[in-house]
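In the two complexes below, chain A is the common chain; its partner is chain B in one and chain C in the other.
Let's turn to the complex of A and B:
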């Protein structure tokens, strides 16, 4: 079934903000939040998206679910084009892709029971009603490891980890092909984090759902993902399958990122080679010329400030955008 | 007590009550100059309250009902508000968990940092500004001269956090209390800040009490670790001993739930079933009993004291330290 449509196909996607200015205001600078992004995600695959704050991870996620329009490029979810789709079509597509955010407290309505919260998308889509709806909600709660009678409770009666389970149950209600997880465990305690990660893996095994997993925790990424993409100032700078990525990271930014993530083992951590990056992440309103990383890169030479390196394939299958790596 | 000879800070049997429950219960530890003590534990276990108590900054709802906090031979609990205010920012500094609330939105960051210096050192304005500029360089803020004249809203969250760190460090405090100082920061910036803290410790002999939930940060910088659970210390140990051979079921499970390098991908991670008891649910026994795989009747009826176990300074509050091998089975 290799020609079944990919769950997600991004082609040369660019998302910019501002630049026009209002009626009375002067035009502000254009924030190039996402540029030249190509990505495919297959069925039951988990792709991690890593990068520093402001590099465009959430913007890209919002674009995939149709909350943000790209200035150019194509976004296909299970073969259907999101860009320029009419309202009805967009509605159909949104059924196939769901989003889970970092803070479960913010994504739940405190005045609705969790049962009503989970039922909402089912009612809106007319998937089920009455008794059948109740059973559907009960099954979903069980799937995420919560008791069906919890349906009558309110969010404040749950712990953070339980609330994130509710959010996951709602995201799964419409049997999506793709779930975008934007830092889904970083607000949770370590011991709860493991429960949610186990749950996401188990659900994938059962339903074949795919994940785009936004995270800065490389330990979690290594655990849960099949492929990893590194983003810097709106562009992908490295993409590789998990084992290649962790065994042999190539882009100098990836290496710096890896060396900066503290390993939960004092012996390993204290003997690790450290690459401390100088400088600040430049603003996406003023992206450096050539390779956007050249202002902080330990390998930078003259060409780096002049020519932007394209993503090129390496013998082990990794794709890297760097003149010197 | 502890192996540390001349502690800079000693917290002795600290107990803090909120609404009739001991949310911090009988906490003791010491920190020597030039050492880093990490406080770790689940959300709500009392880490922040313990640290606020050191600076006399408990919220109105909280009462210190027992214990002593000594900075060398000074009893911090016996200080007047005026004396405390003098000590704060000079001898002891704190970096708060939520930085946004701590900066004045109407004053440039340069004035705020310089003012912290002038108040305690009586320096001239020019001198204080130069010192502030140097501080910004130290915390890794590029273009410091321009940044000094900006207002907090003009800076990113990560930069505001580093401004807070600058204010906390400018007087070269002997004790730094840092409550999740890097949680809101990117890992590359976090690495910079951790290195800065290490430098303070080794070059100036600053002692640090570091609150974090990131076991990676603990592994990176801590000399000693106190693992708290529901207001009590579950285990306290030198960092290498804690990671190599945890002596409390909670610590062992906590460490096992973090994905490791040698872990096979997508395999089940160890978890801790159930949830932390709220203060109103604290029973008479071990507070971890409801979630513990080793639990026996004794655990439910009697609170375990901190037992000495293994190498010096390694203590664990568990009745069944000798059964830890069973936990490793659960965690594998």
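Let's turn to the complex of A and C:
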């Protein structure tokens, strides 16, 4: 990859919650939602962030967009440091990162017309006014495959897929460098998922935007992503290029995730080895010692509960944090 | 333009009969209140001790008292007409004052959280634990009676209910993704509160406001009854009724007519409020 600044660079980012008592409440336990995370995303690249609920995916996304401050580490967007930036600078950086949410029914204001929703970032940032604004909104609507006349309608008058198109139009209004897609298709009908995914790909080709694609649907990830990162209890346990990742998953947690993906062919499905993980995801307020995964890992030995494995590079380019894989 | 007119026509046709009826009642009361000086058949303060406590339809020297007279022989119809203005304006103004104060505080507490939330919500608890009428009596006792002071006292003692509702609703709406999207778009607190949170919590607040509207008329009546509200000989529905209470056995009409007017006003405001709450929600409009 080139020397141009990465769209996103995370260095040793940690985000913790709680621990401080309030006026009338005693201090609670510290929840270590994200720990020691490093990640780079290049221009026009799509990186998938995979993990089960509660592993810190959403916290990490909030940190990247600047809604959640990390306790340590560095977050750089297009080479600009977000952590510790003053308000004005933070505001400038923020326009380069936008977000698409899981449920399009909740991510549009039911009392605002679609046009007003898409226009908001343009108005707030002073990009356009009056007629120019109207034209800008119309162009954005067309870009996501909606008719410009739809601007006067309210969200409830649209289908789920159309709403998600509106959400995408709003996210692209400020021409961001990075869009975080938080499960953008999991709330949609299967029939419209492919349309939305294809739209995202087409928009990337045209604008060169990068995506951080948060998902636990590995089928979708395979369809759209260049690289995959697997997260477990606030840490990355495996990072690899898509093809390497799907051809040869290494971390036992990744293998378990993969084995849970249903196959279209029933013969393959029946012959498939299923790895069933025992137990629940441990609480991030009380992360197991050593390798956080050792409580549920089929390969775990003594060392796993004592020493935390670091991410190490493998011959095929993947990076894995495991003593045994 | 044409489509807009058509759409308006469609919406007008969909207004339920009950809403049309109560709108007419409400409008009639408002018009009577405004034009009382021209509509009233007699001077509402003019006493006629020969015509004390006479029933509806009583005639004396060619003057007909359509709704009867009160204990000082004043024409009840005229007093009720004049009283409409006082009751309406006290209720409307104090609802405006208390909802402005209450909603602002509630949204601020719910949005900014932290210390300001603790201060505002404890203040609400304190206000709610003091009987409103007692607080009003104390304040009027210190400030002295008068129309504007009455409005201020009612407005500034009745805000906590709005604050509670606005606060709870704001907490709920603030967590929805579309608010996060606005923050990402770069919108400041003022824009988010006004453009996104307020429209989405307006429904429940409207219901509180209509309930409070009726209560305000009654509070005004109570304070006037204690001599702390509207000063005689000026009339409000509350003060007419509180005087009439003493003569209930002999002269039912003194309480009955302003009472029926009060009932009609509060009822129509409540029905209108319900309808308006649905109407400001784009989801309930024609699809």
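Just so we're on the same page, the second predicted complex is superposed on the first by the 322 of 325 C-alpha atoms of A that agree within 3 Å, B and C clash if a C-alpha of one lies under 4 Å from a C-alpha of the other, contacts with A are read in each partner's own complex, and residues count from 1 in each chain.
Here, a residue touches a chain if its C-beta (ideal position, glycine included) is under 8 Å from a C-beta of that chain, and two chains touch if they have at least 3 such contacts.
Everything numeric here is computed off the predicted structure, so don't read it as measured data.
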Query: Touching A:79 in the superposition: chain B (first), chain C (second), both, neither?
result: neither
Task: Mind working out whether A:18 is in touch with chain B, chain C, both or neither, as first, second, both or neither?
output: neither
- prompt: After superposition on the shared chain, which partner residues are touched by A:94: those of chain B (first), chain C (second), both, or neither?
  reply: second
- prompt: With both structures placed on chain A, which of the two partners, chain B or chain C, ends up touching more residues of chain A?
  reply: B
Task: Would you sort A:108 into first (chain B), second (chain C), both or neither based on which partner it touches?
output: second
Message: Once chain A of both complexes is superposed, is A:219 in touch with chain B (first), chain C (second), both, or neither?
response: first
Query: Between chain B (first) and chain C (second), which, if any, makes contact with A:268: first, second, both or neither?
result: first
Query: Of the two partner chains, chain B (first) and chain C (second), which one does A:29 touch, if any: first, second, both, or neither?
result: neither
Field: Where chain A meets both chain C and chain B, residue numbers
entry: none
- line: The chain A residues in contact with chain B across the complex are 52-54, 159-162, 189-191, 193-195, 197-198, 201, 216, 219-220, 222-225, 242, 256-257, 259-270, 274, 276-281
Message: Could you list, by residue number, the parts of chain A that touch chain C in their complex?
response: 23, 65, 67, 91, 94-95, 97-99, 101-103, 106-112, 117, 120-121, 124-125, 154, 156-157, 167, 170, 173-174
Field: Residue ranges of chain C touching chain A (in the complex, touch as defined)
entry: 118, 176-178, 180-188, 191, 195-196, 199-200, 281-283, 287
Query: Residues of chain B touching chain A in their complex?
result: 42-43, 140-142, 156-159, 186-188, 190-192, 194-195, 213-220, 239-240, 243, 253-255, 257-261, 263, 265-266, 268-272, 275-276
